[in-house]
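Got a structure for you, questions after.
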Amino acid sequence: MSIALLSVFDLVGVFVFALAGASAGVAKRLDIFGVVVVGAASAIGGGLLRDVLIGQTPPFVLRDWRYLVVSTAASVMVFYFHPQVSRLRRVVLLSDAAGLGLFVVTGTAKALDAGVPAVGATVIGVLTGIGGGVIRDLLTGEIPVVLRREIYALAALLGAGTVVIADGLGIAGPASAAVGAAGVFGIRVLALVRRWSAPTPRDVPTT
Amino acid sequence: MSIALLSVFDLVGVFVFALAGASAGVAKRLDIFGVVVVGAASAIGGGLLRDVLIGQTPPFVLRDWRYLVVSTAASVMVFYFHPQVSRLRRVVLLSDAAGLGLFVVTGTAKALDAGVPAVGATVIGVLTGIGGGVIRDLLTGEIPVVLRREIYALAALLGAGTVVIADGLGIAGPASAAVGAAGVFGIRVLALVRRWSAPTPRDVPTT
Amino acid sequence: MSIALLSVFDLVGVFVFALAGASAGVAKRLDIFGVVVVGAASAIGGGLLRDVLIGQTPPFVLRDWRYLVVSTAASVMVFYFHPQVSRLRRVVLLSDAAGLGLFVVTGTAKALDAGVPAVGATVIGVLTGIGGGVIRDLLTGEIPVVLRREIYALAALLGAGTVVIADGLGIAGPASAAVGAAGVFGIRVLALVRRWSAPTPRDVPTT
């Protein structure tokens, strides 16, 4: 993938993550500024976390104004048109899966570039992908959905692992990045379609 | 404003933010150490976030002992005298508005100095102002109040915008900082007095 | 203490903090990936926070793969054997007290080494010790237990203070570190055995 294409994909990821975050804000009846803050935090939170952890400050998402404009626009759109957005639920879920794939892959690659070893780079890649959603859920008073179901963390982990392994084999590049991102996307879509879920603990009394 | 005056104002901001944080801790019946931790986190959280995002570590609030002494003292005061503090609710709200103004303005100016572009500097300024309150609400199990009402985020945004625009016009300095801080203060006070609030989403079923 | 011994103690601390975090995840009926994420975040969260605050990025816990392997293994163990783990509750509490002591002492020492002044280094030491538990409680939707009871924050504060004072007197070294860590451990164990608790605010209506 060319840099320009990656950049477009990155902005699409920010857009759909902002949609999901702003929808959560609307569901909690936040006012318009609260909806924008939750939407933007969901969209850029993962990238912020990544850049702080690899020591590249100020974070990239704060140095390129397009990230904030796109996430604000998506949030305002949700605020005014949320019944229509919720009818698009399937589109949002698919885009979220695509965004997750891209964020995980670019986060892992950036961490490797910054000299983080394999295991640490995997963690940073996963955090880049799931960080925004975790921030969204904390801000709206929910236990993060990524912790609760639907093979979200596993998909992210496999995507990050693909990039790390390709890097270890000396074959990192656009092709392995695309395979990693597509893998994340595919697992998420399959999990949604087939209602897969990971094992939950046995013998815990329901409280 | 001279540096010395700014520094005094900064400490006043820390003091009143600690009062608000510690009061929230008392309302949740935390013990004295919990009250101090929530008070201090509310007071210095915004500054910590700002310095981590612009890469100025260790953060300033950890390098100058007065910030921690002032926020601890304010928290202990609230713990022992909270019925009197709650009678001073109006004073705390006014001081909080003043603290917000100052933190937003100094946060934005510091980010611009660190080379963050306009849009990113605005975000960092807003985060400096609202960060402590968000941390307070997360620690005490509440959805952050800044997301829910009273034009808090809007006031912060306008204050940060004033500094950024003044900087763009080449007229940044004590005067524009004072205008920005006073603007934040004025909007917050008007919003409190007139019970202004921002639009909330239509058609969301109450849950 | 030699470096090798410190490193072993550090990994033991990571292990027991992961046990406590994963147990909280199981109690919330998270799936296996959620349990691992909460366990790992509890175990390495304090160290992440410490390194970000002192500007040593990428954080140490992401540069040494053993931290993540140990915390993942502890979490998986809890997921599959949690009834047995909960029977070991006393062991986990004792180990947690030991881990707290070690994390506080090493966190404070690292902050002093990085040039953070005494008061700030104390705060960073306390955050290193309590940070993982706070992250665990936020992720599982609880008010952080460190804020609520059992002299947890006080023990951490005294341990950090011991290191800072020893440093000020020019007698910092393995001996003072051991005294600080043992002091934290002792206070925690006494607080658990004797059911000590810190004063809570008077006159707050139960809500």
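Letters A, B and C name the chains as they come in the text, with residue numbers starting at 1 for each one.
The rule we apply is simple: a residue touches a chain if its C-beta (ideal position, glycine included) is under 8 Å from a C-beta of that chain, and two chains touch if they have at least 3 such contacts.
None of these values were measured; they are calculated from a predicted model.
J.: Does the subunit A and subunit B pair touch with the same residues on each side or with different residues, judged by whether over half of the numbers are shared?
T.: Different residues, largely: of all residue numbers at this interface, under half are found in both copies.
J.: Rounded to the nearest 5 degrees, how far is subunit B rotated relative to subunit C when their C-alpha atoms are superposed?
T.: Resulting rotation angle: about 120 degrees.
J.: How many angstrom lie between the centres of subunit A and subunit B, each centre taken as the mean Cα position?
T.: Here the centre of subunit B sits 29 Å away from the centre of subunit A.
J.: On subunit C, where are the residues touching two or more other chains?
T.: Residues 52, 55, 138, 141 of subunit C each touch two or more of the other chains.
J.: Could you pull out which subunit C residues touch subunit B in their complex?
T.: 52-55, 111, 114-121, 123-124, 134, 138, 141-144, 146-149, 151-154, 157, 197-201, 203-204, 206-207
J.: Please output the residues of subunit B touching subunit C within their complex, sorted ascending.
T.: It is residues 25-38, 40, 48, 52, 55, 57-59, 61-63, 65, 68-69, 79, 82-83, 138-141 of subunit B that touch subunit C.
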